[in-house]
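Below, each structure is written out as structure tokens.
Below are two complexes that have subunit A in common, paired first with subunit B and then with subunit C.
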Partner chain A sequence: MPMMKRLTLAALGAIALLQGSPSQAQQATEIRLTYSKGQFQPSQVSAPADKPIAFRIKNLDAKAMEFESSSLRVEKVVAAGSEGVVNVRALKPGRYEFYDDFNEKARGALTVE
Partner chain B sequence: MLAALIIVFREVFEAGLIIGIVLAVTGSVPHRNRWIGGGVLVGALAACLVAAFTGALSQLFAGMGQELFNAAILAVAVTMLTWHNVWMAHHGREMAGEMRAVGQAVAEGSKSLLALAVVVGVAVLREGSEVALFLYGVAASDGGSGLSFAIGGFIGLVLGAGVCLLTYFGLMRIPPRALFATTTTLITLLAAGMAAQAVVFLERANWLNSLDTVVWDSGWLISETSLAGRTLHTLIGYTDQPTEMQLLVYAAVVLATFMLMRLTGSHPADRAVAAG
Partner chain C sequence: MRGAIPSGRRQAKALCAIACLFACVNGSARAEDASASDASTWRELETKYIFGFTTGSGIGLEGEKEFTVESLDRFGKRDGSYAATETKYEFEFTPSQFIQIEFGALGSTHNISGVTGLDDRNQAALAGGFAEFRYLAIERTSNNPLSVTLAVEPTVRRIDETSGERVRNFEFETTVNADLELMRNRLYAGFNLLYEPEVTQTVIGDTQREATFGGSAALSLRVVSNVLIGGEVWYLRHYDAANLTSFTGDAVMLGPTLYVQITPKIFMVAAWNTQVWGREIGNPVSLNLAEFQRNRAKLKFAWEF
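After this line comes the complex of A and B, so read on.
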């Protein structure tokens, strides 16, 4: 029987672990960007440290763009005339560059402080 | 033109590596070209379809449709690769022997080929949809420079095919006896890397929040965006900032493959059941 008990405890522990901390997912800082004529608007944005971030990118151009950043570890295709959401984990203070992978002239940076 | 070349090559590169490995794995299996070619074709068609509906796909699951779709197709590829390894551990010996010519072995071989064709299809689909979107965007916006972009894209595609052939002929230089062990290891790590990549997509979609602490940052040594980083990323799932969950899933896939291969490989008596 102690075996059974231990297994139940382990299962409960695993479930608790998988739930994660819900507060973390909810309290994201939202950053709205528009993309038009091959440029991010605004191209310089900032956010507080240690809080998750959600980028909302509205692509107003007639062609798809790919929001990408190696330091933020994200890449996401945003189709022409649509909006994409990119979730980023809580970050340490610093400067994080992002760009359009389909158009290297479109660049911007996120400052976390 | 150069921009198109670079973008297309970068996307095709990963698919090229994977197809090269699959070609080497299936080196002696009859009709393999038909299956792999079919995988490439279906993958390319699916890529165009996905590209056409990217906007709609994105809107699913509260804007996380792309991420979840990627995680799902990666999971399919991981399953197929693992299944192939386990299947080979089970039947590999008889296939390598005199029974290869027997009709049944051919029929059995096609089962494993289907799994690998799916893997190829998934690889082409993942990379191809971005290429299709990019090239479509270029073609739609400026007709004038369209031709030079098309040429750039085509050269990128040819270079990608070159990567595929290089991988294939590189692997074929390995003596047949060692080839099986090599490809088994390669496919196991390929599957583990894809599983870890699926974790990234689930983390991005906020579907997986636990154990998301980055364990190390080896970006200073090999950046994931460099050519070496990209190659290692595809082959063994290298990432310069893995999270705990990624490492856990990676280890789990390697361990599961190893255990399943031991379990099925050591009981040749079960063969009759599986074959029947």
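After this line comes the complex of A and C, so read on.
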């Protein structure tokens, strides 16, 4: 079906364009978080606007956690005693909450200015 | 129609019972938390499925995958007994922070008896397949409550949605899905704009072109952290041409919606719409039951992983 092929190609092209956009090529602001005793440390972090961000999360607990955020639109499981990196697009100014999806009480927020 | 509505009501009661069960079970567990009624302590919400038939702007989280079973049921024609369902078995994933892709198979059932213009039928069949591509055009931030997603959904069917006859049907649904966070973590408004052209080839070789155009508005209130209730209204116009030149009738559908987050990775959606106004061009009767149904229901279960 040529129509379906064209649509698929258009979708793949759009993904390629977005993932290779100039903002992604910029140097990312790295934010280091540790996860210990069911809490993020630090729980409040900040970053400049219009620059991509890389969260580096070190899970010191004995069980896995899932770094997740609806407003950042990311999720990643970080195994016990290991480190995970979550790349986030360049953001507009605002407050973006994040949490451990496996633990209702573990929460934090990123302020972009 | 008289025969179909009671079965529709039974279905509605069943949907409500299921929904209430989940809400009670989960709500009671969470009620122990002192912050259960404080919206400022609730997690942000994915809005895609909170408005019933109206689709929110959410596209999921990068890396997230989801399997869903969604049943769309239609009940009631002008006479006789009419019940048709179409079930989507769907896989969806979010490869980037702006794109979501879905695809899956369609199953259908038709239970038709004594409806003018339709053959009597009791059947279940594998009806076709579909794919959907969603692009987040405007993203919500803490400073901007509006979010907008553009979506296209090509669908191929071998079973006609309305009659259950063998056909070759190609549909290309195009929608704009917008939503507004009216009160932080509490109250949301959703809006859809729909254009759905389709072409159908019947077994005797006829080709029919048609289109549906319309829009919806919905409100959804988060009553506890994992339950939203609301209502929606749809206005739909039907044309016997893809370019919207041959208008045949329109209808207004109205009804309640429910969303329950059962666990962090499982949720359900239930919705019910009843046609409250409609007209068929050239037929001076109330409601439009030629192109639309008297009632429709939606029940969806989703598992994220």
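Heads up, the rule we're going with is that the second predicted complex is superposed on the first by the 88 of 113 C-alpha atoms of A that agree within 3 Å, B and C clash if a C-alpha of one lies under 4 Å from a C-alpha of the other, contacts with A are read in each partner's own complex, and residues count from 1 in each chain.
In this section, a contact is a pair of C-beta atoms (placed from the backbone, for glycine too) under 8 Å apart; a residue touches a chain by one contact, two chains touch by 3 or more.
For clarity, every value in this text was computed on a predicted model and none was experimentally measured.
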Touching A:R89, do we find subunit B (first), subunit C (second), both, or neither?
-> both
In the overlay, answer first, second, both or neither for which of subunit B and subunit C A:I53 touches.
-> neither
Who does A:G81 touch here: subunit B (first), subunit C (second), both, or neither?
-> first
Which partner does A:L33 reach: the first (subunit B), the second (subunit C), both, or neither?
-> neither
After superposition on the shared chain, which partner residues are touched by A:V45: those of subunit B (first), subunit C (second), both, or neither?
-> neither
A:A106 contacts which: subunit B (first), subunit C (second), both, neither?
-> neither
Which superposed partner A:S70 touches (first subunit B, second subunit C, both, neither) = both
Same subunit A residues contacting subunit B and subunit C, which ones?
-> 18-19, 70, 73-74, 76, 89, 101-102, 104
The answer for subunit C against subunit A in the complex is residues 33, 43-46, 59-64, 94-99, 101, 131, 133, 135, 139-144, 152, 154, 264
Would you pull the subunit A residues touching subunit C in the complex into a rising list?
-> 3-4, 7, 11, 14-15, 18-19, 68-76, 88-89, 91-97, 99, 101-102, 104, 107
Residue ranges of subunit A in contact with subunit B within the complex = 17-21, 24-25, 61-66, 70, 73-74, 76-87, 89, 101-102, 104
Across the complex, what residues on subunit B touch subunit A?
-> 3, 7, 54-55, 58-59, 62-64, 66-67, 129-130, 133-134, 136-138, 140-141, 200, 203-206, 208-212, 223-225, 241
